[in-house]
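Look at the two complexes coming up: chain A is in both, with chain B in one and chain C in the other.
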Partner chain A sequence: MSKRMRINRSAIAGSVMVLPYLVLLLLFGIAPIVIAFVTSLQPSMVTPNGGFENYIYSVTEFRFWPAVINVLTFLGIYLPAMMIVVVGISLLLDNIKPKLNLPLRLSYIVPAALTGSLSVLIWYIMLEPSLSPYRDLLHGLGLTESGQIWRTGNLAFIFVMMAFFTGAGNWIVVQYGSLQSIPDDILEAAKIDGASQTQIAFRIKLPLISKYLVYMAVLVFAAGLQIFVEPQLISGSVFPGLAADWSLNQLSYTFAFASNNLSSAAALSILLLVFCAIAAVFVVFKTDFFEKPKKRLK
Partner chain B sequence: MKKKIVAAITMAAMALTIAGASAPALAAKPSLTLWVDTPRIYAAELYKKAVASKIDVKIVTIAQSDIQTKIQLANTTKKGWPDVTFGDPQDTAQFAAPTNGFAANLTKVLPKSIVDGYAKYGNGNSDCIFQGQVFCLKNDLAATVLWYNVPVFKKLGLTVPKTMDEFAATAMKLKGTGYTAGGYGDHNYYASFLQSSECPLIATPNNNTVRTVVTAPACTRVAKLLQPLMDAGVIDKRSAFDPGFMKEYPNKGMVAMTLGPAWYGKFVIQPKDVWNMPAGTMTAAPMPKWAGAKTNTSGAWGGGVFIVSSHSKNPKLALEAATYLATNKTVQSQATGYPAFGPVRELWHKALKSDDYFAADPYPAMDDAAKKLSQLNRPVRFPFVAQVGTSLTSKITEGKPLAEALDSLAKGIQSIAPASGYKVVTK
Partner chain C sequence: MSSTLELKKSKIQNMTRLKKFKFSSIIVGLILISYSVFSVVPMIWLIIAPSKNAEQLVNFAPMAFGSWDGYINAWNNLMTFEEGVLVTWIGNSLWYNALIVLISSLTALLGGYALASTDVPFKRSLLITTLIAMIIPSVALVLPLFIEVGAAGMFDTPWAVILPSSFYPFGVFLAYIHFSTSIPKDVYEAAKIDGAGEFTTFTKIAFPLSKGLLGMLAFFAFSAAWTNYFLPYVLLSSSSNYTLPVGLGLLFSSTPSLNPLNGAQSSVIGRPEIALAGLMVAIPILIVFLASSRLLVRGILAGAVKS
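Then we have the complex of A and B:
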């Protein structure tokens, strides 16, 4: 078989494998973006001229900056908490004997089986001083009424707890997997050279899985930026209006469905996408995320 | 064998032809799609049964909070609208706007008997009327009344308050007794006090103006009257549905009185899993009158409507369906809320009396309140109820001063109303 034919074959095989994804990407990724962009330029009741006026309207609307602050506060706690706890626990998990390892990994996944919507219900019960299984603890802290807990100033922390406990478990297992990919000979060499466990963790293991950590940071950031379910459900049913238009996605939803203004809703969504993309590109290129795998150290 | 097969094929072909021939007859039967929330499914089913031979009725269950979203989606795709939907007056305000256009204008097509059935029993359909044009049919009225505990009043030697000042004085007498005069950390504070006091918050002199005047005495007097009661702990900053509040007061039978909508009786006070007040204790008295007011005006917390689609292919049938759902005797006598349509109320009253739960018949008080619903604040196109939750209720439950909570609501309205095309005036 000539070299050329081989290349052609692998190219065909490659495109066959990529094609289904490309189709889905076009249909459900690119097409909605194009539609949203076109919609974002159309006139609405409050922006009769349409065009980029919708973008200006979205960012000058009185609820925009409070929502930005809310989401940034949320991300400011959520992202570091996720990174630190997930990395810490997966490093510990990596050091534990295989016997204990499996049940532990399972125990991390269990809370992650809860969806965001369900976690709203669970945290409502946990944080309601008269229903909570920890009511004695809450009462001990002087929290006897739900109004002391479910108030505007506390919402970011409550949503971080909800998102953290549903999200952390999955990532612990994923990052444990990435730690497993580190060849044993490297670790053994380090040990022989006299490196302590801490040194091995921070000097060897973390640099070797940094790509996966970047990947995780990008995804966690994107998910956090789009927080919607938790505030929407809490203010839709349990405490009407408590977290209305709390996040940027909720504001976009309100523009579209309560203010009859699909154009500004689309404009806000595009802005979110652009912001998310810039953040991702920045993180990816500031690290060696797309560099070809280097030859293994021997 | 071959013959048999041929015969079978022929017969099958004939059967198909016959089925094909009868298909147009089936298609000729008009179809209607109804969107209803869970409590209204029984009504839609009754209608479906009643017209089964003539109309193909499709019932879709939707959550009330999703109605605007789903209609907006249908507007975007220009298909998928229901012929009739359940909703609330705020939805109607949104749908009646030309920018939305979903709600059909019923002014000219509504039969006189229906118009009269609403008009002759108070302003039953007023929530559906925007600048003289009718855009929906009101299903139920959620007018506020004074719920009170007969044996407790007797035990403490209290008399039923007829004015708001008497309400405050009576509530003050509960101090130290362990009884409460109600929890108001929810929409009830707006409905029972601010709305009944006729505080102009969302008055709409025309379709594109909202009048919000929190400095008006009708607004400031509310906090003045209630703040001392809140401070004394005789009314509660928690919601009537707050688990802590329920455990502390109603579940122990410790509610002496509360202002609240007509549906409190069957849906809050009586049910085992909500307040579970003992039978033979509670009943309703007319709303107390605010000082200087012409009459004892009531507020409203809730009350649904049926909206007919302007896009319906069978507008006549759609109107008939909405009329049936909102005004039919069988439907309304089984309804959960107090019927807005006057002629069916007597039957509903009978159903209400059928179990001897209440200490006395609460119907006369409900009837009085239904006829005196405040008409000052109107349904608006922006999410007012959510705004009350965001700014007013959250401040109350956090224990902030009531006057501050009201200011926060006014600010919220002033910011949010322009997004729905309103000009806000504050004088």
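Then we have the complex of A and C:
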């Protein structure tokens, strides 16, 4: 059989195999973006001229900049907290034999089961002084009523706690995994050269897993930028209005469903998408994270 | 020769280990265990909570157990909400998720294989698009999807949730990494020289070597879809189509359980009932987590982690 014929057959087989995924990618990955972009240029009741007026409307709307500040405050606490705790715990775990720390790792991913609406329920309980398992601690801090906790100024911290609690465990497992991938001989060599555990952690381990850390930082940033569920449910059901239009995604939701201005809603979500896409392109092209992986088996 | 070297190495290791053991190990252990306690406390609370009635939740110690009848009472009370719609939500969550896991894992498996080991055209562009799609959070596409699904007349149907949730670029990436790293290229080459086509190579060689991968694909697809709130919340409007997490949101926004000003004051849906509904969301995912612990031990980024 000639080589060319085999290549063609392989191309056809590959195309058939990739087709179902390609259909989903086009329909639910690319089409929504195209449709949202077209929608973002159409006129609405509020923006009769359409076009870029929708974008201008979104960013000059009186709730836009407060939402930007909220989300930036949230990210400013969330991102460093995630990075420091996840890296710290993973490094500590890495000092313990894998079999011994297995129960710990399992316990760390338990909170990942408590996301979305459930995380709102859980944190309502945790922060309700009459119900909380941390009742004594809260009382000790002088917090006896939920009204002392659920205040506008505390919201960013509360949302950070919610997002951190559900997200950190999985990332610890990931980063622990990447630490495990460091070849033993490198660590042995450092030990024989007399490096301390701290030196090994900061001078050898962290630099070697830095690309996974960058990857994590970008993913955490992109997800944090899109925060929606927590403020929406808190102000929609538990404490009415407390966090209304708190985040950018909520504002986009309000434009679409409360202000009947789908065009500006689409414009705002396109803006948010652009930021996430820039972050994604950065990871793909500016780090070597996605270089074709080397063979694992010899 | 090499064994004496190994021996020396392990001796040095043991010595340093002994020296460091005492003080720092205790502190490390304490930190790790406290974080572990912090991680499991809410789950334990949630498991115990429905055993108590509303007064006991406040009066008993937070982690004290009430009685088994508490669960039955809470369940019976939940059944009064919209004529037992909770059962419909559980059913919906189960079948939506079964389809999502099936479609997304299969398409990812095939797509990842095609990208890793066939001469599929536009390979590089497909791969880059997949990577970008994988990093963009799915939440970012919810509003655009709402516009699309509305235009397609699928709004408030199960398919509005099932099909978009089956788009699984992360799965394609996992499968791609798996097929390009853990199965040696020589194996494929040998099969092809023996005259096997791509499909035969896939079904006879690649697929049987991919049980771990399939488990991982199903695991991530399930854990993302089961807890998803935003997408079904926006794309479904009648409560008979809701999934459990959206239903849970409806429960606490339409009953006085968390906010006394909500809903009818006479509602029997209180905190124990809400906790039981929350438990319904949490338990399946917790079981899946624990059952997949072997996968998680091997690390989530398959290709990057040695086995």
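Just so it is clear, the second predicted complex is superposed on the first by the 254 of 298 C-alpha atoms of A that agree within 3 Å, B and C clash if a C-alpha of one lies under 4 Å from a C-alpha of the other, contacts with A are read in each partner's own complex, and residues count from 1 in each chain.
Heads up, the rule we're going with is that contacts are C-beta pairs under 8 Å (C-beta built on N, C-alpha and C of every residue); 3 or more make two chains touch, one makes a residue touch a chain.
On a predicted model such as this, the values are computed, not experimentally measured, just so you know.
After overlaying the two complexes on the shared chain, residue contacts for A:Y108 are found with chain C alone; chain B is out of touch.
In the superposed model, C is the one of chain B and chain C that contacts more residues of chain A.
In the superposition on chain A, A:P80 contacts neither chain B nor chain C. Contacts of A:S130 after superposition: both chain B and chain C are touched. With both structures placed on the common chain, the touch criterion links A:V283 to chain C but leaves chain B unconnected.
In the superposed pair of complexes, A:P66 makes contact with neither chain B nor chain C. In the superposition on chain A, A:P207 makes contact with neither chain B nor chain C. In the superposition on chain A, contact is made by A:S235 with chain B only, not with chain C.
When the two complexes are overlaid on their common chain A, residue A:R9 makes contact with chain C while staying clear of chain B. In the superposition on chain A, A:A256 makes contact with both chain B and chain C. Once both structures are placed on chain A, chain A residues 130-131, 236-237, 239-240, 253, 256, 262 are touched by chain B and, in the other complex, by chain C.
Interface residues of chain A, counted against chain C in their complex, comprise 6-7, 9-11, 13-15, 17-18, 20-22, 24-25, 27-33, 35-36, 39, 89, 92-93, 95-96, 98, 101-118, 120-122, 124-126, 130-135, 165, 169-170, 173-174, 176-178, 180-181, 188, 191-192, 197, 212, 218-219, 222-223, 225-226, 228-229, 233, 236-240, 249, 252-253, 256, 262, 265-266, 269-270, 272-273, 276-277, 279-281, 283-284, 290, 292-297.
Partner chain B is touched in their complex by these residues of chain A: 44-46, 61-63, 128-131, 144-148, 150-152, 235-237, 239-242, 244-245, 253-262. Residue ranges of chain C in contact with chain A, taken from their complex: 9, 12-13, 16, 20, 24, 28, 31-33, 35-36, 39-46, 49, 57-58, 62-63, 103, 106-108, 110-111, 113-115, 118-121, 126-137, 139-141, 143-148, 151, 163-164, 166-169, 172, 177, 180-185, 192, 197-199, 202, 223, 227-230, 234, 245-246, 248-249, 252-254, 258-259, 261-262, 271, 274-275, 278, 281-282, 285-286, 289-290, 293, 296-301, 303-307. Here chain B touches chain A in the complex through residues 65, 68-69, 72, 76, 94, 97, 99-100, 185-187, 237-238, 242-244, 247, 381-383, 385-391, 393-394, 397-399, 415-416, 418-421, going by the rule given at the top.
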